[in-house]
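Chains: A, B, C and D, in written order; residue numbering restarts at 1 for each.
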Amino acid sequence: MPANLTFGVVGLGRMGQLHAANLNGAIAGARLKAASVDDEHCRRLEADGSAPCPLVDLDDLIDDPEIDAVAVVSPTALHREHIERCVAAGKAVFAEKPLAGTMADTLAVAAAVRAAGVPFQIGFQRRYDPSYAHARELIAEGAIGDIEMFRGITCDAIPPVDYLRTSGGLFHDLGVHDIDAARFLTGQEIVAVHATGAVLIEPELATFDDVDHGIVTMRFSNGGLGVIQNSWRAPYGYDIRAEVHGTLGKVIAEVDAREPAALYAGRSFAFRRHHLFVERFAEAYRVELQAFADAVRAGRAPSPGVEDGLRATAVADAATRSRIDDRWVDVA
Amino acid sequence: MPANLTFGVVGLGRMGQLHAANLNGAIAGARLKAASVDDEHCRRLEADGSAPCPLVDLDDLIDDPEIDAVAVVSPTALHREHIERCVAAGKAVFAEKPLAGTMADTLAVAAAVRAAGVPFQIGFQRRYDPSYAHARELIAEGAIGDIEMFRGITCDAIPPVDYLRTSGGLFHDLGVHDIDAARFLTGQEIVAVHATGAVLIEPELATFDDVDHGIVTMRFSNGGLGVIQNSWRAPYGYDIRAEVHGTLGKVIAEVDAREPAALYAGRSFAFRRHHLFVERFAEAYRVELQAFADAVRAGRAPSPGVEDGLRATAVADAATRSRIDDRWVDVA
Amino acid sequence: MPANLTFGVVGLGRMGQLHAANLNGAIAGARLKAASVDDEHCRRLEADGSAPCPLVDLDDLIDDPEIDAVAVVSPTALHREHIERCVAAGKAVFAEKPLAGTMADTLAVAAAVRAAGVPFQIGFQRRYDPSYAHARELIAEGAIGDIEMFRGITCDAIPPVDYLRTSGGLFHDLGVHDIDAARFLTGQEIVAVHATGAVLIEPELATFDDVDHGIVTMRFSNGGLGVIQNSWRAPYGYDIRAEVHGTLGKVIAEVDAREPAALYAGRSFAFRRHHLFVERFAEAYRVELQAFADAVRAGRAPSPGVEDGLRATAVADAATRSRIDDRWVDVA
Amino acid sequence: MPANLTFGVVGLGRMGQLHAANLNGAIAGARLKAASVDDEHCRRLEADGSAPCPLVDLDDLIDDPEIDAVAVVSPTALHREHIERCVAAGKAVFAEKPLAGTMADTLAVAAAVRAAGVPFQIGFQRRYDPSYAHARELIAEGAIGDIEMFRGITCDAIPPVDYLRTSGGLFHDLGVHDIDAARFLTGQEIVAVHATGAVLIEPELATFDDVDHGIVTMRFSNGGLGVIQNSWRAPYGYDIRAEVHGTLGKVIAEVDAREPAALYAGRSFAFRRHHLFVERFAEAYRVELQAFADAVRAGRAPSPGVEDGLRATAVADAATRSRIDDRWVDVA
């Protein structure tokens, strides 16, 4: 096992700060050296003293030969540029999803990563959640036989319209996690999708052809069927679940987004719930970064990789076109 | 409250015997006088002494002025004839679902029941299951606000191909219960459906254009979305669930198809499960018949009524056409 | 199977009315002919028209040759007299627990029942609850091997002090159900007990040497250990549970005192709960009476019988003496 | 916040290796410099190259001025010596429970720690388990009102008899965790105990007056009651649970010793379970050490401290004497 990996972080928004905090002591074999953020954000972090590490120019971060690996956590619109520059400089890259903001950029990023041949991991953290990981393990052991049907659901609180305007739409933002979970859990590719949607919460979404509720029906490479439900409404807290049916049984990766003690009071038996995905996945966010560091140090390819990122985006893209064109769309 | 209702039963297959057993002592205000079955079945019941009551000709049963109410539990293909004859004779009728085997017959039966003006109830027993009934109660109280999304699932063991050949297809046989549950729980009408399916278990289904797995996406009258999953595979026992999302929360009518004590052994924490819907719904089958008897004796209209039966069949019919034509189909 | 059993009921308080309602249509092979209640209560029931059947003098009820079976649901202080008179008259008797109000009376009743040789059942309805019945089934199948440890708990809302003054104390009133559950589930006898208690709710209990919280440690005939917790406080609804540990595993008869649909709202995931044992055990109260009627009609001995009632009272009596004397007490 | 804490570890058995692994990268603000183990064990670790850090003599470890803090994870019989030497040298100490192997040694250790005035934490890791921590939070918020009753249970697989011979007995080994949980969750002191036990598994325990099953009844400083059940039998995996009843409700710190995905197969609905407490408490072991490091670096007193260790041992000691003498024993 080589010596410690030295990390840089690009972007210090909510997710960037979370990854930086983990790199500051919670990831064995890793240390955080520097971060690069845009000027305005940089001034704010310096003013309130909340930067988790020295702040440097992006050029300096990329040129720093001590920095082995970069966590790219910048806004989606900048992903392509940042990932391409890092991999060109030979850095190992951990990138938050999605690879890029458009299908064209996504293909370009994937090509660049392949060409560079550097270690790369995409931030589909559900794969490192104990519940999803255990479900996959059971399925891989053959506990449910051959896969026949999948169901994924993600409901979350709606973000500001300005964020949604550039997010790529419901299936790119929420659905992509269910899409990756479907591929991860079933071990199948999604070959065709049919989607529908509705605007029930935020009428302004209609002005840029997005929806706040959506359902995607899908066909898998082995002939199985799947369905994904997405909603920007979860008044009771972040809500996810995956169910996989096979010839021998069914596995449920149950949302565990609840506090772990039961309260009997009033007239009910209740569990309080977490409200935010950063609470729900606190452990997964740490474990995925640990897995990345371990793989890089051991010379193994990290997972999920760039092809997983590409494939999930291709499905989300097909679902979005299906919803708009109202027809089955094959996934390229 | 009038005196006891005297019942006749038409048909003594599995469900007919179950209803007859309930009418023999478990339904207050009701007594079973006679049943009519086809000749061959009649001889068998007489031979082994297992008839739950005297067996008579259908004509005699219908002409018997003492018989106030008839439970029609004959094969689907005979539903239209039997229901029409009973209501024409002025009997109150409790009929197992579906109303009839084809859409045309279903419309005819509904017209006959309306014309006769007699009390009528269709056997959508989930409405009387404690879990579904309580879910409806919570929704009706406003606990989850306005309805936005529905999900229903029913998985069951596959019946013999010969039965399936005349059952009307997956959505008429399994899906119709989820369709009725969607209407019952949400209080909305289903206005359009898009369906897909796959043959994963029994290749012979393809010869009569049926499927063993199916997914139906639906739009509700209030703009909400829904999805139904059906499968003729449930190796772990009969499996159903309904989830309703609203602006304020979510209600789950959880399948309770498990034995009510937990076993910790081997390396697991487990509940044994029921294998058959007759076990799962033992209580609902009793309660629905009690509700029918109570309504008839009190002069109230029983529920769910003929319009509920008609509506559910219309949705199942639209889903079947959608699956075959691969397009959205409006529900008439 | 003989013809229908004709029942009389002695006592029409809350439990008497519940049993009478079940006998009026919900128990196959049984019909309710008459009830006897004290004069004042009789006038009230007649005044408001709420009697479930004709009201007669106790003498007439007992002398009525048509009445085959009597449900004794009178106040505990009258149990001995009523049971003794009924069994002397040759009636089959279903008696609510306890057999009598004192240990001496309990022994006398048991002797009278034995001498009369009539069918007799004591109202330990938990044995007929699906959860306890299934737990027993698992244990009898050997699913947990040999019994090593038991735990029972019952918490309920505190009744009026005047009721408690004559109830025999916490272990006779609440604990006796856990005691019977321990015997039923483990198949072992309780041979010695050590108990303690506290007055935390109702200071007046101290004036007649009773407690509102109590814990009983017990030794079983096979050397195993058990513990019972009782409390007159359950602000979240009636609360019971039994756990049995064996050499191979553990079974939990979980309280199911919750409505069967889950509600996600506010910040929690909750089940509403039943507040009263009459709701919790609605089904068990019906099933135990059905089992009694079936046994009597079939000529089998009903269960649990008079020895079960006697044994449970002997343990409750020993626990009460142990609590007061602060020492282990052997159960005679 | 001061710079990183440099740790030494004394003892590299199962728990020592677990703490060392956490100190090697998973505890922010901490690094592991050296460990001291006995000669034979040292040679084995060196032979198979599995030492997590340089191995040094105990004298050198204690004399090393760079080492700020020591995790004492040696055999119980050596705790007193090791803790006393470390605190005398001014090290901050994290010690696995118990403080020492006898009551006299425990009092001596506590006096030494108090006298040294160094930061000290005892390894009651349940306080850092998410379930117990959340239960405490709910109770501290007043969610269940005033405490009235407690129940704790711990069942685990039986260790070798040779280990048990020097472990101090069932209540010191297993029960002490329930005792600390009772104090932690209720916020009350245990003032008196009455215990009983049985030898059901390992007859040899009787030769040194130990038991493999035990029940402890307890009185709290506020008058409330509690009970603890302990067993060296858990064929279905490590099994713990705590329940706290108050005037307004009940909280359950439920064992979460199960894999987080549900499997429906065969005829059951099941969760696989963890078998070992090191799996069950993997997160708590990390979090407790992080809390210790954070407290030391921030100049706060770590918790639980030496008084908590002393108090729990005093209760376990009283319970052991109560079991042997068969009488209530006050906790000094």
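The definition used in the following text is that a residue touches a chain if its C-beta (ideal position, glycine included) is under 8 Å from a C-beta of that chain, and two chains touch if they have at least 3 such contacts.
Values in this document were obtained by computation on a predicted structure and should not be read as measured data.
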**Prompt:** Between A-B and A-C, which chain pair is linked by more C-beta pairs in contact?
**Reply:** A-B
**Reference chain C; chain at largest CA-centroid distance** = A
**Prompt:** Just curious, how far off is chain B from chain A if you go by their C-alpha centres, in Å?
**Reply:** 42
**Complete:** For the pair chain A and chain C, the C-alpha centroid-to-centroid distance in angstrom is 56
**Message:** Quick check on chain B: which residues sit in contact with 2+ other chains?
**Reply:** 235-236, 239, 248-250, 264-266, 272
**Request:** Please name which positions on chain B make contact with chain C in the complex.
**Result:** 24-29, 130-132, 134-135, 138, 143-144, 248-254, 256, 259-266, 272, 283
**Request:** Can you check the complex and tell me which residues of chain D touch chain C?
**Result:** 148-149, 151, 153, 155, 194, 196-198, 200, 213-215, 217, 219, 223-225, 227, 229, 231, 233, 235-236, 239, 245, 247-250, 326, 328
**Asked** Which bits of chain D are touching chain B when the two form their complex?
**Response** 235-237, 239, 258, 264-273, 275
